[in-house]
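You will see subunit A twice below: alongside subunit B first, and alongside subunit C after that.
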Partner chain A sequence: MSRQLKFNIFRYNPQDPNSVPHTDSFWLDETPSLTLFIALNRLREEQDSSLNFDFACRMAICGSCGMVINGRPGLACRTLTSDLPGEITLMPLPVFKLVGDLAVDTGTWFRATNEKIESWIHTDQEFDPEALEERMENDLANSIFELERCIECGCCVASCGTANMRADFVGAFALNRVARFVMDPRDKRSDADYFEVVGTDQGIFGCMGLLACEDVCPRKIPLQDQLGILRRKMGFIGLKNLFRRKV
Partner chain B sequence: MAYETFYSDLVCIGAGLAGERVAIEAAAAGFKTILLSLVPPRRSHSCAAEGGMQAALGNCAMGEGDSPDVHFADTVKGSDWGCDQEVARIFADTAPIAVREASHWGMPWNRVEAGKSMCFKGGVCFEVEDKAEKHGLITARAFGGTAKWRTCYTADGTGHTLLYTLDNKVTQLGITVHDRIEAVSLIHDGDRCVGCVARCLKTGKLRVYLSKATLIATGGYGKLYSETTNTVINEGGGHIVALDTGLVPFGNPEAVQFHPTGIVPTNILVTEGCRGDGGTLLDVNQERFMHIYEPEKAELASRDVVSRWMMHHIREGHGVPSPYGPHLWLDIRHLGEKHITTRLREVYDTCIHFLGVDPITQLIPVRPCHHYSMGGVRTNKDGYAYGLEGLFSAGESCCWDMHGFNRLGGNSLAETIVAGRHIGRAVADYLKGAETTLRTDLARQAVARDEERIKRIVSGADGKENVYDVRNAMQKEMMDNVGIFRNGTDLQKAVDNLRELLVRSKKVGLRSSGVGSSPELAMAIKISGMVRMAICVAYGALMRTESRGAHAREDYTARNDRDWLTRTLAYWRNPDADLPTLEYEPASPVFHLPPGDRGYGKCEIICREEMNE
Partner chain C sequence: MTTIDTAIYVKPPSRVSAYLDWLQMLTGAGLIAFMWSHMILVASVNLGVKVMNAIAWFFEATYMAQVGGPLIGATMLLHFVLAARKIPFTTSEQGAIWRHAKMLHHTDTWLWVIQAVTAMIILIMGSVHMWTVLTDLPITAQKSAARIQGGFWMVFYLILLPMIELHVGIGFYRIAVKWGFIRRAERKPFKRFENILTAVMILIGLITIIRFATLAI
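This part shows the complex of A and B:
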């Protein structure tokens, strides 16, 4: 027999002076292979057309639909209701600015953070359209891709105690991104350059190592490993700097 | 009426690969550029492309002897001679440069590994040997409809990594991005476009972008169909604002591609790379069938051909019955765990999470569904839109037109950055000479019109039609009657029903208050534009009495080069009309490769007279 699902959904429209944060409850008959993507769209089309939430690709690759699902940040599009209890509570991701109900503004946050960590290849070399590409080992290309798989969904940031407490902490996502450039020989930044970017309390030294982030990452990015490698590397450079200053 | 105005040299409506690549070119030339997008740029649909992009580098063993000439020929054949051959030439010549440039910017393309390795074709294993001198250069995989292995890739995250690479460049150049912004109309005086009115999807407020040049790079319009691989934001926003001017034509609206392998039931695409890497299609008896219809290319004929044979095979009663209708199987089991969990990991994840199927040991249920829009805002070979000066278009939203009536897999990602590079330069050149007065009076009028329109929708002044009912009815009509196989009776029915839906779409009234970002209002603003586009597709298809590429008429099965070696130009000149005006132009100004047999698919052809001589 199919279940009657109960949804408790956080509601607030910051643009509406009459709106106050509260929770609305909805009921829906569960159908085979029901995902939160299908469920939320049905709720909006059939029950309450003011319901606000974000989806784009609906195939877990664009990172739009991060939300807190029964207390845990995750991607709504690939969450099957059959994996959840009959009562489902949905909240917007914390840390990011609320647009309305379950929709949050991740765009501004990620752009600012990418600017802060200078998320691009740093090189003086000009592109030569006549020349062959620089060679690279295939294994290295694969390793870079491993870290490049982050979809900026914000789940790791939302789950992170540090990021929730201090607005300037760049989060596991950013540290992983830096690790990606450290690995890439096309980026000519030195260790000291990277240290300047993340060797601070807003960066790697702000991380308390609680590792909630890796647990929730829908891409299963090895965040623990990257944080560890970066911490050791940056700690070492920090020590060297300290030493130099004393001398 | 208070609204914010943003001034720039170039405003790009759309920040997917095409929009960003144009923006990079203009910004690098020193022009103030603003990118607009419904979502943060990295969430644009380009991120969903898995398989790869074509460029004739000829580095891998199976790509040896490849060249832009071969790529050009494949593209023209793929288009069923519907493309503009000048454009296809620019494209094939530039693609290798664009790939290398992306590499220079940080794209982790997969590389050639010298030595012997095992590959599959049509389920049969064979050995290839990559040469030492090519070791470390950018490699390629097989895709449908190509003579060589030419599709460059990064595992199965090519679109994602390419988009992140370009957006990193955009960030580096400090290009302004306004996300959660939806363009709702173009600002123009009948000759010249000077920007757009847009609605902020955070606050719901209207705002104005005044610019010397305006680019439409809004991607495809898959959401005209109920079953599509496209993202939910591919609603044709850019096409609607262009068509609404009455001046800019929608080129080849009827040229719509169906992809052979959408998973059943969610229509999530599994990449052509599955078949490129040796996956096979099986029927209800778990037997291969494509080699019977296409002895040479089998599973790797072009998409239109494979999709049609699959539907044909299902119609003949060989489909696998399911609660969601009959489907076929995709089999990649023989590729093995390592291959599937590395090179096809996205496919693996999709099957596990959305189907509960393990493709290492189980078959994947697939069926053709809508995938790509070859038609779009018609431009010349440098991206200048027909009909309005200062308006440009690039990418999937554009009918540039290198795809004609069928796009080859891997040619679309390639188009975004190749056209972006080429058209970006044309835009920069245009800006160097542009002496445009950015007329605020035009902006004021345009905002007033849009504000009035929104007020009527919110208050329900014209009626209380439910916007979702209208949209769902439109999508179903398109799926049922303007699909893979088409015929005059069904198409006429579609046109008639869509005309009725157009009337209903103008009576939409909100159920909610419409205050703030209001997704219901966003849909209501564009619904009648979407129905107009659907009518263009259906009517264009009805009038085109031949079969070409993805446009397959059961009542006109031959490709008719005598009468239809043309491109449809659909204009919506009168806002109160319920049909577009269709005009036609020659498919190509030159025929370097004269119309002939594609070498796959059926080949009944009515020849041009001069060709018979």
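This part shows the complex of A and C:
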């Protein structure tokens, strides 16, 4: 009944001058409820201790174990082998800097992108630690939280045709992040401020609408809807300025 | 006094990307509307030679062919220039998107590759078609049939027809999802609708080509 799974895994250590990018194959007996996260740990423990991959939480919260699973970016920890064919090919996420084998450095990319889009609440209000937290309508809080669920795993960026072609494209992650601040009444940025950040060909107008981000997002964040709303919003801000003649 | 273009050193905020994206979408939407109307009008030959000739006569009597034709040509060129901002022209970009599409097994990504490839073919074949027709006005069913029956143009249109319908159909779907007219829940049924529409348009086109090929001149 139980299958023998064949794993084809990308291997390369950029630190080692003698290392050549290649594929290694491993075999493993499938057990009930086996996830790729468990499978990789077993491979490392039982077959090859040099196998390099990232993980931390094993429950789709930390976003560390993003990798390309049979061509599709996804999280190893929430992918059951029973949903996959007997031959499983694992590759590191493209776009990001390769650390080794399946491990990539998403942190540097996300840090730089967050800085580029100024991914924090802009306010001139002074913080009063004694004051009660400002109230917000429940519906609004929920819609902000819906977008806030992003775990920065990098799957949307790795699956993006534009990001793969053009290094300066900020990707669905950043556009979703801006959409979240646009919604937030505590962020005092004006429409023109947001336009300056994402109203460019590196921002929302660079998006070609291939929607792979929407299809691979492990958190099922409504990226298609958010990108559409943002494109229209930024488009109209641009037009409004055309008639008012000011930036 | 000489003034220095400060934008070389400090990039001021610019609205150009927004305008160009609007224009790309609007010229695209206009060309989609034109291409589908064009298909229906040419297909009028299936209802009878007289019907098509009457419609052709109307478009010339009102100068819509003489003025509208070149305008459509200009719109197509403008649309090409605008969309070319997104099309990979360098070999490194082409390699990147090709490897990416092969890796991902994702229909919408392949549809975009098809859109980019058909665009290049349409740019050339569409221009040839427009030049041929507009330099030989008036349009009549007999002249169209004679061209098709010559053989060369039959092959020409058998290639151009699916290129146009694919490009236009995919573009229609892409505009709808990109600009948020179609939401997450509606995407699947809408894509299905678009696929059927494209298939129907290709079918109408094929029937029309066969009609021209068998028309007694």
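Note that in this section the second predicted complex is superposed on the first by the 241 of 247 C-alpha atoms of A that agree within 3 Å, B and C clash if a C-alpha of one lies under 4 Å from a C-alpha of the other, contacts with A are read in each partner's own complex, and residues count from 1 in each chain.
The working rule: a contact is a pair of C-beta atoms (placed from the backbone, for glycine too) under 8 Å apart; a residue touches a chain by one contact, two chains touch by 3 or more.
What you see is a predicted model, and the numbers here were worked out from it, not measured in a lab.
Because the two structures share subunit A, they can be overlaid on it, and in that overlay subunit B and subunit C fit beside each other without clashing. By the document's definition of touching, of the two partners only subunit B reaches A:Phe55; subunit C does not. One of subunit B and subunit C touches more residues of subunit A, and that partner is B. In the superposition on chain A, A:Ser33 makes contact with subunit B only, not with subunit C. In the superposition on chain A, contact is made by A:Asp215 with subunit C only, not with subunit B.
Touch criterion met: A:Glu137 reaches subunit B, while subunit C stays clear of it. Once chain A of one complex is fitted onto chain A of the other, the partner contacts of A:Arg72 are limited to subunit C, with no touch recorded for subunit B.
Remark: least CA distance from subunit B to subunit C after fitting both complexes onto chain A is 18 Å. Touching subunit B in their complex are the following residues of subunit A: 13-16, 32-33, 35, 44-45, 48-52, 54-64, 78, 80, 99-100, 103, 105-108, 110-111, 114-115, 118-121, 125, 127, 129, 131-138, 141-142, 144-145, 148-149, 151-152, 184, 186-187.
Of all residues in subunit B, those touching subunit A in their complex are 39-45, 47-48, 97, 99-101, 103-106, 108-113, 135-139, 154-155, 157, 160-161, 164, 168-169, 171-172, 177, 179-180, 201-204, 231-233, 265-266, 268-269, 323, 342, 346, 349-350, 353-356, 468, 510-513, 515-520. In the complex of the two chains, the subunit A residues touching subunit C come out as 68, 70-72, 91, 94, 159, 161-162, 164-166, 192, 195-196, 199-201, 203, 205-212, 214-215, 222, 224-225, 227-229, 231-232, 234-235, 237-239, 241-242, 247. Touching subunit A in their complex are the following residues of subunit C: 12-15, 17-22, 85-86, 88, 93, 96-97, 100-101, 103-106, 108-109, 112, 174, 177-181, 183-184, 187.
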